[in-house]
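These are the structures in question, set out in turn.
Both complexes below contain chain A, partnered by chain B and then by chain C.
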Partner chain A sequence: MLSNIGIGLVVLVLVLSFFIIYIASLNLRTSRQTIKKSIYNLSLVQTTFIILSFFTLIIGFINSDFSLINVYENSHTTKPFFYKIAGTWGNHEGSLLLWINILVVFSYLFLVFNHDHDKKFRLYTLIFQNILILGFLFFLLLNSNPFNSIYPIPLEGLGLNPILQDPALAIHPPLLYVGFVGCSIYFSAAIASLLSGYGGKLFAQSIKTWVIISWSFQTLGIIVGSIWAYYELGWGGFWFWDPVENASLLPWFAITALLHSLIVLEKRNTLYYWVIILCLSTFTLSVTGTFLVRSGILNSVHTFASDPSRGIYILLFLSLMIFSALIIFYLNYKKETYNFNLKSRETFILANNWFMAFFLVTVLIGMLYPIFLDVLTNIKISVGPPYFNIVIIPLIVPFMFLMAIGPRVSWIKSQNKIFYKISLLILGAIIINLLIFYFFGKYSFLSNLIFIAAIFLILYSFLDIKKFINNKNKTELPRIIAHLGFGLLVFFIGINHQFSLEEDFNLKVGEIKRTNNYEINFENIKVRESKNYKAVIGNFKLTNIKNDLIQYLNPEIRIYSNPETLTYEADIKTKITSDLYLTMSNVSRSDYYNIKFQNKPFMIWIWISALMIALGGFMRLTLKKNED
Partner chain B sequence: MKISISKIIIISFVIFFLFVFWQGLKINNNYDTKNLIGQKISNFRLAEINNNKQYISEEDLKKNKYTLINFFASWCAPCRAEHKYLLNLSNKKKEIKIVGINFKDKKKNATDFLKELGNPYNFVGQDSEGKISILFGIYGIPESVLIDSDLIVIKKIVGPIDQIQYDGILKLIQ
Partner chain C sequence: MLTKKVKNRILFLTSVFLASVIAVLFIINSLNENILYFSSPTEIKQSEDIQFGKVMRVGGMVKKKSIIINQKDIQFIVTDFENEILISYSGAVPNLFAEEKGVVAEGRLRDKNFFIADRILAKHDENYMPPEIKEITEKNAK
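Now for the complex of A and B:
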């Protein structure tokens, strides 16, 4: 029943897409400057139907309707209500439907909200967006249909992987999808702009909001994923340079570059073709990432049950996208001349773009090199954190300096006034760094530079805040918050990296272990029955030797029943200054438990500063047009 | 469109990337079992389903002339269909021992399943996390792997055992 409704709705959306493309093409040829009412209506109906289809699937999950293969494979009757819903997008087919939902909703909203822009440009955008929608609809219907039914109807489902049963992970995919799929709209708009000749400043204004929306959501999505990894995976880390994490970074670098160069296009009406290239590559990289993740070429924590036919389809689609974009770009490209003064804000923004391009290429190479090597020579290697750390971290130093100074430099040509202030701030940063170095411990030369650059950026942002308080220029605040967030992020990651303590040992119940600063007493274990799992809970008493402060930590080993899986839940005591982190895992056939104890300074500040970056984006969205 | 060196370079790059991706789809990944036949199994160690202290390992398998390792679960409908062939095999052929591996299943359901249909297995091991099954590249049960006393895989059956597969096994062990 649900299967038929779902497939029916999706097919209707497909038919509507064809209609919209057809009518929009007819409308292109008329000389009237307005878009036909029927196109708005069709778009609205299309949006309604696709949202309904998604709700149909959600209902399937809520009611545990196992006549749908997708529900059978990814859900279970005993699963908590919240995770039944989250299960909808926790799998390949369901997430593809969510993906299409975002394509369609953005298509409609872009049409409606850009009413004061050129008709041709809007129609072309609509046409190309609908071509994208068609491509993904065919993929859904032919290869990955979440509404496929199964007979005889199984009595019970296979369950959702327990490590996915976490609040952060339930919202992580939708956030990222809004971020990644949101890019599609300015991919279409970029092609439309090339075809309709509607470029320059006006084009920048038409896509600006959409770029900020997708940037903010991508940023937030990546952070939430990272928070999940920290709390759920039980390794104590939050970024692993895992291939799929990298795949999410690629479009993020491109979109961050776009976010900045778009300002140049808007204010100075130049860099148009560069902006177009970034628009095109952001969504291309999103699809490339999807291809790498869903085809099973990359193995990681994100691996979906892989299916080669899926890979071939996405690859075909990706190739079509790239080649049509390239051809349309080359046919419409005209040489642009840039005349930037070295000491102008546009030069600094361009520098931001070079850095982003560099980071992007670095991550791309690290990610693809193993695949290339495997395909071309059959040698299997993996590229890990050392590569990324060595190549990327040193570049963060000059990047942060430019990031601090850039926004204070004026457009076109700037005077030398700020030089004095910069030297003073650098001096301040060096002194603060020396104090940390002197009182808290030694670290490498590079780390010194990182700290100095980060502190410099933070101090500069504080000056910006002071200036903001005086002149109340609202457009500045989001930028200040985001840049300050980045400075703080690097600073706290640096501190965290330098001063983390980690101990790994085996303990029996009743035993005590002493480390440098802590005494860890394994007092007892308890068993707790929960709705869909059984937990073995360890009770640990931690005494801080320095100040005799006592704390109890209770890490768990959870035995989930559907599917039967063991997970290890860390117990994390978060304080303003540091996190105490304890995991335990059973050592098979012995009374010993493997204990991993960590003391990680300023963990919470890493999340706060990362969230500040995303907050900057969201704040920018709340500004009204006349405040720009 | 004018043709220039930079355009040619960019387009060749794109083609190269896409080509590598396409080839990449064919890479053997961990779960591939194409080459399983003729290989010796290793790291085989499994706890009994009702008794966590009782184990079966490679040493035990070496004692059998032939071992059929069968992956099953109570929730798997085709497993019911193949069950009578397994029962036949265990009753009629003494040179073949059958090890059942209970795949991602509940203990109670699995025991009930065997009570209802009969137990053809000399040993039932549990693989609630599906870890051991990865060694054999199991991706959808039922699947079975036939090994000899040297632990060499001589046959892999994907899907339920039917009359044809059953005859095939008999021929192999003759």
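Now for the complex of A and C:
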């Protein structure tokens, strides 16, 4: 029943796509300056149908309708209600439907909200967006249909991987998808701009909001994923340079570069082709990341049981996308002259783009090199976190200096003397760094530089805030918050990295372990039965040797029945200055429990500063057009 | 004579170009220094030029009844059904670590039979097998 409704709706959306492309191409040839009413209506109906199809799938999950293979494979009647819904996008097929939903919704919104822009440009955007929609719809119907039915109908489902049954992970995919798939609209718009000749300033204005939306959601989605990894994976880290994390960073670097160079296009009407290239590569990288993850080439939590034909389809589609985009680009490329003064904001934004490109290439090489080597020579290697740290971290230092100064330099040619202020702030940063170094402990030369650069950026942002309070220039605030957030993020990660304590040991119940600062007493274990799992809860008494402060931590080992899996739940005591982090694990029912104890300073501040970066983006969206 | 404008532009382009070349060299160099090779116990046994100090990865199946846990560390034997290697690790093991399941350990070789791991790699799905191990077990189980 649901299977037929779902497939019916998806097929209708597919047919509507063809109609929209057809009518839009007819409309292109007319001389009237407005878009036909019927195109708006068709798009609205298309949006409604695709959303309905998604709700159909959600209903399937809520009712545990196991006649759908997808529900059978990824859900279970005992699963909590919230995770039944989240299970809809916790699998390949369901998330693909979500992906298409976003493509369609963005297509409609772009059409509606850009009514004051060129007709041809809007129509071409609509056409290309619908070509993308068609591509993914065919993929869904032919290869990954969430509405496929199964007969005889099973009585019980297989369940969702317990590690995915988590609030952060339930909202992580939709956030990232709005971020990644949202890029599609300016991919289409970039091609439309080349074809219709509607470029420059006006083009920048038409896509600006969409770039900020997808940037903000991408940033937030990556942060939420990282928070999840911190408390769920049980290692106490928040970034592992795991291939999947890397895959999410690639489009982020491109879109961050785009976000900045778009301002140059808007204000100075130059860099048009570079902006186009960034528009095209952002979505291409999003799809590439998805391809690498979904095809099972990369080993990760996102690898649903893999299927080679899936990878081949995405690869074909991706190549088609890239080649047609490249051809259209070269056919429409005209020489552009650049006229930049070294001491202008344009130059600083170009520097930002150079850094973003560098980070992107670094991560791309680190990610793809092992794959190529394996295919070519069958030698299996992996590139560890040290590679990324060594290459990226030193470059953060000059990057942060430029990031602080750049926004204060004026367009075209800067006259103001900020040299004096800069030296003063650098001096301040050096002094603060020395104080930290002197009172809290020694660290390497590079760490000194990182701290100085981060403190410089933070101090500079404070000056910017002071200036903002005086002149109330609203467009400045989001940028200040995002840049300040980045400075704080690097600073707190630095502190966290330098002053974290970590101890691994094995204990039996009743034993006591002493570390330098803490006494850890493994008092007892309890068992708790829950709806879909059984938990073994350890009771640990932690005494801080310095101040005799006592705390109890209760990490859990959860034994899920559907599917049968163990998960280790860390217990984290968060305070303003530090997190205490304890995980307990057990292998083959041994008497010894594996304990990982960590004291991580300023963890909460890492999240707060990262969230500030995303907040900057969302704040920018609330500004009205006339405030620009 | 070149005008000042042209001079500036040449200067700008050369510096961007140089910066990019240096960046790429830097990337390649760091990459070469930080590659982790993956080996099976058999490959370790047969290999003649092993660098014992270098970080690498070893993978295979955890042998049945080979896990020993004491206060300091956990030891287990990894097998590819032809050869075996003893692995010692102190730290929390991932939740899907178990007897007769695939495992990948990252660390250093002490000798050809003994490996000290810094990290045991987590797998997130009980049905999922890292491609490296799948290949080994398929090859040797025949």
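The rule is simple: the second predicted complex is superposed on the first by the 625 of 628 C-alpha atoms of A that agree within 3 Å, B and C clash if a C-alpha of one lies under 4 Å from a C-alpha of the other, contacts with A are read in each partner's own complex, and residues count from 1 in each chain.
Simple rule for what comes next: a residue touches a chain if its C-beta (ideal position, glycine included) is under 8 Å from a C-beta of that chain, and two chains touch if they have at least 3 such contacts.
If you're wondering where the values come from, they're calculated on a predicted model, not measured in any experiment.
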Between chain B and chain C, more extensive residue contact with chain A: C
Touching partner for A:Leu331 - first (chain B), second (chain C), both, neither: first
Partner chain(s) touched by A:Ile390 [first = chain B, second = chain C, both, neither]: second
Which superposed partner A:Phe55 touches (first chain B, second chain C, both, neither): neither
Touched partner set for A:Thr565, first chain B, second chain C, both or neither: both
Touching partner for A:Tyr273 - first (chain B), second (chain C), both, neither: neither
On chain A, positions contacted by chain B and by chain C: 296, 299, 563-566
Residues of chain B that touch chain A when the two form their complex: 1, 7, 10-11, 14, 17-18, 20-27, 29-30, 75, 77, 104-106, 128-130
Residues of chain C touching chain A in the complex: 8, 12, 16, 19-20, 23-24, 26-28, 30-31, 33-38, 55, 57, 67, 69-74, 90-99, 106, 122-128, 130-132
Of chain A, residues touching chain C in the complex: 161, 163, 233-235, 296, 299-301, 303, 305, 340, 342, 354, 358, 361-362, 365-366, 369, 379-384, 386-387, 390-391, 504-507, 563-568, 583-585, 587-588, 590-592, 594-596
List of chain A residues in touch with chain B within their complex: 152, 154, 156, 158, 291, 295-297, 299, 306, 308, 311-312, 315, 318-319, 322-323, 326-327, 330-331, 368, 371-372, 374-376, 561, 563-566
